[in-house]
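Have a look at these structures, which come just after this line.
Both of the next two complexes hold subunit A, though its partner changes from subunit B to subunit C.
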Partner chain A sequence: MKRFRTSASAFTLAASTALSVVGATLPAFANDKLVELSQSEENWPMTGKSYKAQNYSKATQINTENVKNLRPAWAFSTGVLHGHEGTPLVIGDRMYVHAAFPNPTFALDLNEPGKILWQHKPKQAPTARAVACCDVVNRGLAYWPGDGKTPSLILKTQLDGHIVALNADTGEEFWKMENSDIKVGSTLTIAPYVIKDTVLVGSSGAELGVRGYVTAYDVKTGAQKWRAYATGPDEDIKLAKDFNMANPHYGQKGLGTNKTWEGDAWKIGGGTNWGWYAFDPDTNLFYYGSGNPAPWNETMRPGDNKWTMTIWGRDIDTGEAKFGYQKTPHDEWDYAGVNVMMLSEQEDKTGKMRKLLTHPDRNGIVYTLDREDGTLVSADKLDDTVNWVKQVDLKTGIPVRDPEFATRMDHKATEICPSAMGYHNQGHDSYDPEKKLFFMGINHICMDWEPFQLPYRAGQFFVGATLWMYPGPKGDRQNYEGLGQIKAYNAISGKYAWEKMEKFSVWGGTLATAGDLVFYGTLDGFIKARNSKTGELLWKYRLPSGVIGHPMTYTHKGTQYVAIYYGVGGWPGVGLVFDLNDPTAGLGAVGAFKNLANYTQMGGGVQVFALNGKNPYDDVNIGEWTGKAN
Partner chain B sequence: MSCLPHTALAAALTVTLVAPALAYDGTNCKEPGVCWEPKPGYPEKTKITGSKYDPKHDPKQVQKQGDSIKEMEDRNKKRSENFAKTGKFQYDVSKIGAN
Partner chain C sequence: MTFSSSKPAHSALLGAAILALALASGAARAVETLKVCASKIEAPYSTAKADGLENRIAKIVAKAMDREVDYVWFDKAAIFLVRDGLDKKLCDVVFGVDADDERVLATKPYFRTGYVYVTKASGGPELGSSWKDVETSNATKFAVRFSTPAELILKAAGKYEENVSYGLSLVNFEDKRNRYTQVAADRLVSEVANGDADASIAFASDVARFVKASQTPLKMTMLDDSFTPADGPKIPLHFDQAIGVRKDDAKLATALDEALVKAAPEIEKALADEGVPTLKPNS
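Showing the complex of A and B:
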């Protein structure tokens, strides 16, 4: 253990040096403190750890040599079942834990994790559950460091559509606003995201015909700063004057209404954003993807359906879009384009240093764009079995569709890859800037699809398709296993350094560390560590339930910990969670994951690991009752 | 596709005459960002109304989301303005006027 302590203190020293350098060179933003916090390995202050959303830690205490000694340190049950997505936040001595509906929040004391410092348990209308498409999940919390006048805040979303700011010290509600109305099928599962003094809130409900929007609130008062829609008139979509100036062939003005939609269909056109964000202080742009158009029945909404399925770069202060690239024009497969955005700086094939954004999409393509102007740099298949598209033309930006795998009314399409669950879904992946590798949790699921006509009634489901899903060509279609993959990818060369199959989809995402490790959780209830250079499986641990969140790591008092939520659910878990048997139920997921219940049951909690299980209770007297206070 | 309605068949023929592509592959664009085409046998965008695939949207239903958002924005405005004025947050807007 002495060896670990030495490396930890060397690391802490390096981190504090880095901190002072950052403090000296960064422009003076009000959220500098959040940038500073994210530089230290003692904190995990936002989804993705830092604004680059790399899920990458420089900590090396746990590494390929000693990961076999990783053991549970302590655990915490949230008292809630259903899918536990996202990851806890750690700031200083505290861990903030969130959970599925009814979305309680807990603050734990890292010096004595058995102590719940405060808990926030909202009262929500149970009817919110009825309009959640894909389990009652929630992807996480956000943190605002305070400014001396206003206390530091924890920001949370609730399934019933509220965005709430809590005093980070006491858990008391500071303000609470209505963002989404469950009466029209609009819910919230996305994690809030803090940039400067603004908190961003996305939207859910495309399966109920909800027109998507992203909203910015003043983090101190809850006042709405701006709101930008995914479809409709340009002023609603908030396009900058120079929108797509660098790439006019992506399309520019006037495309959100009747040029790419028929009639008023854009008003119920989907395009919700419930994925993840990233931010670049230099461009002042934040990045995210809009979701699928509604309904799933493509014949009912002719047109490109802009700007659903789009990678956006928006100014955080004005909300105006500088660029928008539509990945899947006129979606026919529910490839909701909300997936993770990971930022990096790399040399392109010509040797030019580029500021990049890499995004593994539901449609089976991993896109890399120049994040300053939206120019396409690469668009590679996540797996060679992707068949709806022949290739993405980098010059035109157009996906060249294979009509054989299109969907349409009065026709049952078969063997489409990926399925509606995508070759990649909501998992938040990682990027190792040293190795220039993205570690991606991938799905290997294909489908048959048959649409049907249906009316739109606000508050009711508006899907209009029956799906049958099953393992992809590399899986075992007899036994319904081999539904996932994990791969290491270089965005410039387009090459995969390694690829490994998994029994089930790698749904929750990945964490990379400078200890040459990549961690991830599995639906069948394991946390695993692989050598990030070779993909070799080095360690795993059997958790109480399957995982749909991503691991995180932090160093507390010189010890590096790895934490992960357990609690299976989400879309792959709906059969298990709601006890469904019809293979087409759960939007087709029940059939694909019919074997999951043989490996896991529901749960809900956070499990923390350290080398040899070192933890605050190694001193057995910590947390003991020592008699009455006076 | 054995029993195509007359209109859809006509639309399919028109497509065949105008665009030589056998099927919609996304590469024939009318203008930048506008590349959708009907599949063979399916109606043009403007012809979907009245076709067998007419979604027949009820304008009252389609308007509900817009109305709901406007009402929420109005209530939130009262909440944040009251918070700024009094320094105390009140969620229940019916109690805000009474302050």
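Showing the complex of A and C:
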């Protein structure tokens, strides 16, 4: 197939050198209360704890010495059977809990854990269920602290495409907006993200003729501030004047339409974003990844398909993109790169202190970029078994492909690693700034991909592929185990401090703490703690169901707790959830995870742990009947 | 894969009688059968009740050959029949292949028809017989099947992207990644009848039965076979329909060709009953 390669115009580069580059960013908004809240170990006010999305806690009460004494403190069932992704929020005395479709939200009292202060149970059109492609998950909530005039709010998304603001004290709907229209196949599974007085929300449904976008709403009113698309004309994509000025070879203006797409295909080109965000108050940029191009079959969309599969840095106030780096031009494998962006400040190899973002991509590469201008700092394989790409050329940013593992017509590619599920999917990972290590949950799954075309009468045809997924080379292909890994990675040296195999994928992500611990859940239903320096397994506990969310920790009244959602599902659980047997169903996920049903079954909730199970009910009078109120 | 072999109900009595006779004599010649690969879900051509157009034609052809139809049923769409039935020698003939389908040895065509506009008999959009009328007419919503020349017409006319969501709604947004998902033929028609689509562009024999049965009067207008998009080769809109056999099964093809000549009047009647507008054979 013909490939479109575009390069920046020399003119643009020359014309823009007159402007000064980076460094001159304005100081942070001093009064962003969310920053303040996230600095306390008593709160977990957003999906990744802080704007840096590090899933890192400085709490040390639970540590390598005593983690063996971690015991269940209390638990709460959401009443929802389907997959539970994401993590609960904790602000002060409350925990906010979300769940898969039908998307109930609960505010729980941490002084009487499990007691429901309020609950929000939306009525949604049942059609939303049919539209969602892979289980009916939801990735979480956002919190806005209020400003004295407008009450504090909990922001949620519903599968039917709505974003809803709830009064955080009462659970009443404060405002509600339609962000995605399920009538045109667009659903919402992403967690909304609050930055200052703006709430961001992405979109899902790339396969359904949707053109992906991220939208900013006024958190107080729900009024739309701006919307930026992944494909289309520059004004729709919202490119800043100096877009990619530091890296013109990434491509600059005019690439979102027919230069990298056939005809008007960009109008239905996908590039939705349903993963995670991060924000840097200094650069005023937020970071996220746009997903795969559509349609699924690559032969139908020649070209680079910009700007799908892109790491974006956009100004939160204007929505304008300062940089965009496309990781997988012309995706052939469904490597939707919506993965987590973790922010850190580290010295690069030359000893220069830099502001970085690190992004373990579905395509099996973990990218680290300078988050001020998008410059590539490192791009390493998540595992040495990644083979579709030989390496990423750091100078050009282009992945050097191995044609043997392409998915072109008339070629049976065997053992493509990673599989369409990616070596890293939606898991929210963690970063320990003391150790300078990223802790990443990995899928160790490869695939065979044999495209075929079937003609039918009157010039009709169907292009498909026979797809099989199975454990990667380090797993056990006889027994379909060894489907996951957990790894500690240094983004500067490119080295792995340690790595361990897992029976199943570590789908949900990790939590790191200053107690030298890394926590994570497994699909087969364990929460585990390892020594974050050595990887040594120190503790585990069997949960009621498999895990696809990420753990969090909070300290309440002097006790450190660790909390995690259980509730198997999502893409890896699609066979189990929908009772599918054809191994090629779910794009091969049913085959890869055929043994999962022997380890766990559906059922969702939150499980909370503390040392020796300490919890408010240790005082047996808490929550007891104290007589009729007068 | 699931499939089963059974004789249509109407010949069950006869079949039973023959079977009884065969058992009684112990050595009598069994009636020769025509093993037809058939989908249970390909209305209006083939249905589980064997009341589709091709089920009827199969019976006519088999009769002309002095044989009986022996269906090998598939739960999947007919697009899979050659790969999963014929090539695996589970059955011997596939009705309704394009005469130039390279995977099979095709018989002489037994009819020819083409893509039509389906519109309301009165009050519908102005569509002539050219594909370009899609571009110039004020009609915006078109019901078409995926990956067909009809879809290519929408693309060439610049009306594809705005129709994508609507088209997917006709299959309830079912995930299409690597799955054969197709708009039901009757839906192409009912969408026009109920006014949700301005028009449908469909292969005539896909929709004729439903157009004929529609409560709201509808009409079919045959498109000219003159569709050449700006950036590509000519896309045919008229097609010869033939019976496909395995490439090494010339003997069966010859027998079928002979039968088709004999059965022509009855096939013509079946097509007329169905309401299919036929074209002169492409010789």
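In this text, the second predicted complex is superposed on the first by the 578 of 630 C-alpha atoms of A that agree within 3 Å, B and C clash if a C-alpha of one lies under 4 Å from a C-alpha of the other, contacts with A are read in each partner's own complex, and residues count from 1 in each chain.
Following the convention adopted for this analysis, a contact is a pair of C-beta atoms (placed from the backbone, for glycine too) under 8 Å apart; a residue touches a chain by one contact, two chains touch by 3 or more.
This one's a predicted model, so the numbers in the text were calculated from it and none came from an experiment.
Of the two partner chains placed around the shared chain by superposition, neither subunit B nor subunit C is touched by A:280. Shared-chain residue A:432: touches no atom of subunit B or subunit C.
In the superposition on chain A, A:183 contacts both subunit B and subunit C.
In the superposed model, A:304 lies in contact with subunit B only, and not with subunit C. Shared-chain residue A:207: touches subunit C; no touch with subunit B.
Of the two partners subunit B and subunit C, it is B that touches the larger number of subunit A residues. When both complexes are overlaid on chain A, the residue A:296 reaches subunit C alone and has no touch with subunit B. In the superposed model, A:456 makes contact with both subunit B and subunit C.
Once the two complexes are overlaid on the shared chain, A:248 sits against subunit B while remaining clear of subunit C. When the two complexes are overlaid on their common chain A, residue A:410 makes contact with subunit B while staying clear of subunit C.
Overlap of the subunit B and subunit C interfaces on subunit A: residues 183-184, 210, 263-265, 267-268, 455-458. Partner subunit A is touched in their complex by these residues of subunit B: 1, 22-27, 29, 31-36, 38-39, 42-46, 48-49, 53, 55-59, 61-66, 68-69, 72-73, 75-77, 79-81, 83-84, 89, 91.
Residues 127, 130-131, 133-134, 182-185, 205, 207-210, 263-265, 267-268, 295-297, 334, 452, 454-465, 467, 587 of subunit A are the ones touching subunit C in the complex. Subunit A makes touch with subunit B in their complex at residues 173-179, 181, 183-184, 186, 210-211, 213, 218, 221-224, 227, 248-252, 255, 259-260, 262-265, 267-268, 299-304, 306, 326, 329-330, 393, 396, 398-403, 406, 408-411, 453, 455-458.
By the touch criterion stated above, subunit C contacts subunit A in their complex at residues 78-80, 82-83, 96-98, 101, 103, 115, 145, 147-149, 155, 158, 160-161, 164-165, 167-169, 172-180, 203, 206, 235-236, 239, 241.
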